[in-house]
Amino acid sequence: MSDDRYERGLKNFKAVTGDVGEKFIQNLNEISPDFSRYLIEYPFGDIYNRPGLDVKTRELVTLSALAALGYAEPELKAHTKVALNTGVTREVIIEVFIQISVYAGFPAAINALLAAKEVFKELDKKK
Amino acid sequence: MSDDRYERGLKNFKAVTGDVGEKFIQNLNEISPDFSRYLIEYPFGDIYNRPGLDVKTRELVTLSALAALGYAEPELKAHTKVALNTGVTREVIIEVFIQISVYAGFPAAINALLAAKEVFKELDKKK
Amino acid sequence: MSDDRYERGLKNFKAVTGDVGEKFIQNLNEISPDFSRYLIEYPFGDIYNRPGLDVKTRELVTLSALAALGYAEPELKAHTKVALNTGVTREVIIEVFIQISVYAGFPAAINALLAAKEVFKELDKKK
Amino acid sequence: MSDDRYERGLKNFKAVTGDVGEKFIQNLNEISPDFSRYLIEYPFGDIYNRPGLDVKTRELVTLSALAALGYAEPELKAHTKVALNTGVTREVIIEVFIQISVYAGFPAAINALLAAKEVFKELDKKK
Amino acid sequence: MSDDRYERGLKNFKAVTGDVGEKFIQNLNEISPDFSRYLIEYPFGDIYNRPGLDVKTRELVTLSALAALGYAEPELKAHTKVALNTGVTREVIIEVFIQISVYAGFPAAINALLAAKEVFKELDKKK
Amino acid sequence: MSDDRYERGLKNFKAVTGDVGEKFIQNLNEISPDFSRYLIEYPFGDIYNRPGLDVKTRELVTLSALAALGYAEPELKAHTKVALNTGVTREVIIEVFIQISVYAGFPAAINALLAAKEVFKELDKKK
């Protein structure tokens, strides 16, 4: 059932994104509630809790893809937070972005590292 | 010492690439021995065995970046073999590429999955 | 219901891809039946027949995105056939790729035009 | 005649961009009047009013290419306005960006949708 | 005059591409004579012999852009030949592609170096 | 010796980046001193003063790659300054970005030209 996918997706989404995720979905709802639903259903309802990869590794795979694309700074920051929420350490996130320098070049790695730095700083301030 | 980096890199490189890697380096040597040395030194000497990530996870991160770039089919096939050599299962490789559909789109995911399929077929024939 | 999405997607997929599509899905099934199902469900079940855009315009949008990505030659050829099947003319497909030269550069446009040329030739031979 | 191309291009450019376009050209003129002329001549003088595609569809093709590139946010916002000026509705623009999620991934689609949202908001304020 | 741009472009194009260029234009003419004309007029008629950069440096800039894009193998091979025809040495071409490893990653650099290798081999055979 | 590479890299880096470079490295050090060291060692220690290309041409190659990637605005601005420091003129930098319109499209060229404009303005103010 489509409703199952949505419910499952929303549960997964909320579990790892918290308040930030809720605001993001509201923001997206104002431009396209349909797209917002697809985002919950496909990435978070269908893919996110498939058994093949644990959630931490999924986030590393995601961070790697986003850093390689180069243009996905908002998503890179959001998934840096999500990765931390799933228990990935800051050190491991940094390690992924260092490795990106080999496959997508130093500018992509630098941009990802500086995006992560901003997220870490923001989280430190909140404490 | 630079020689240490090269030796360490070559050891890492050989450990995971086997015969395929040796042919590749010979091929690259014919166009630029300097570049071939940099490839051994930086990705495999400096980055590959840093403590922050185990080798299996490094390969998943690499496969994700290569699939997201979209154009890196030869490297995608090479690292699919490397990932298998480090003990990553076929199922996990497929799982990474399924997830790529979310972040880089279905064409990038399809191309990665079909590249992996060719590698798996080739390996099955050799048995 | 998920089954509805799959059935609707498969119907849409078959209507525009014919034999080529069937072989493609079989090919994809051999590496990942799950991904093959997602491909039918999300792009073809959820998105393809949304009311906002007619199917011809959807194909032009798709051809434009694929040409801009630059690396998606197999998908570009497949969607060139799909576009023709939905009634888009060869002239209009060429026109889209000419326009791509402005936004993604001449190499992306050239590659798309030469891919289309191969498809047109192949179709002419079959007649 | 080159002058014809420029005149024709400028007329096309002005017709769809209004004040925003004029400021943009002034901005570009300060760094390179030659490039500014090429921009008017090639995309707007040569390509824009070729008979093969109506202006509305051209804008959808452009929006699709820009969204797929991922990095072209300023151009995406500018062409969102242009598309509206040619008579494309907000709903159709949103529909194009939803479809981008399939071909270039969810981050590219999200960025395009949020860029469109900002444009729509800005236009609503002006009313 | 448009005819001037075309004549000037064709002269520039022929001067550096030789037989290979002629075949390429014929190939392109079969799918779109209009696009083929734009290719001669804009890149080769307008840009190619602007005074700001000598032709050798222009080719290095072009090779760098094509290598960074990652997907432009046919154009990379064609411009490797063009660069050689303008007097750029093989060593300098290799040097450009080595540098690409820093800015676009090792896969983009490897693909460009192996494309150049094929071109050099092909040219050696002809001798 | 690794220390030699670092010292040589740092000397090269400082020679062309001045104060801007120092701040950048401090910024990077706060997120990953290791990565910061790799950046000095590989691009600036290994590649930067290889004999095959003079420093000015290297910067043009770099600017071309960065502009073609599309997403590397911070690096584009930094290397615009570096290029000026090595003696490249503003006119030549503009010329490189005009040429990018052919290979990576007008949006990539526009973004690079407007980034250069900001750098030029900033430098003019400092005088």
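As written, the chains take the letters A, B, C, D, E and F, and residue 1 is the first residue of each chain.
We adopt the following convention: contacts are C-beta pairs under 8 Å (C-beta built on N, C-alpha and C of every residue); 3 or more make two chains touch, one makes a residue touch a chain.
Remember, predicted model here, so these are calculated numbers, not experimental data.
Counting hops only between chains that touch, subunit B reaches subunit D in a minimum of 1. Over half of the residue-numbered contact pairs of C-F are shared by just one pair in B-E, B-D or C-D, which is B-D.
Rotation relating subunit B to subunit E, from a C-alpha superposition: 120°, rounded in steps of 5.
Each of A-B and C-E has its own count of C-beta contacts, and the greater count is at A-B.
Over half of the residue numbers at the subunit A-subunit C interface are used by both copies of the sequence.
Mean C-alpha positions place subunit D and subunit E at a centre distance of 29 Å. Centroid to centroid, with C-alpha atoms defining each point, subunit A and subunit E lie 39 Å apart.
Within subunit F, residues 34, 38, 42-43, 47, 50, 66, 69-72, 75, 94, 98, 101-108 each touch two or more of the remaining chains.
If you draw each protein chain as a dot and join the dots that touch, every dot ends up joined to every other dot. Here subunit D touches subunit C in the complex through residues 42-43, 47, 50, 52-53, 57-58, 60-62, 64-69, 72, 75, 91-92, 94-96, 98-104, going by the rule given at the top. By the touch criterion stated above, subunit F contacts subunit A in their complex at residues 27-28, 30-32, 34-35, 38-39, 42-43, 66, 69-72, 74-75. Contact residues of subunit A toward subunit E in the complex are 101-108. Taken in their complex, subunit B has these residues touching subunit F: 1-2, 4-5, 34, 38, 42, 46-47, 50.
Those residues of subunit E that touch subunit B in the shared complex are 69-71, 94, 97-98, 101, 105-111, 113-114, 116-117, 120.
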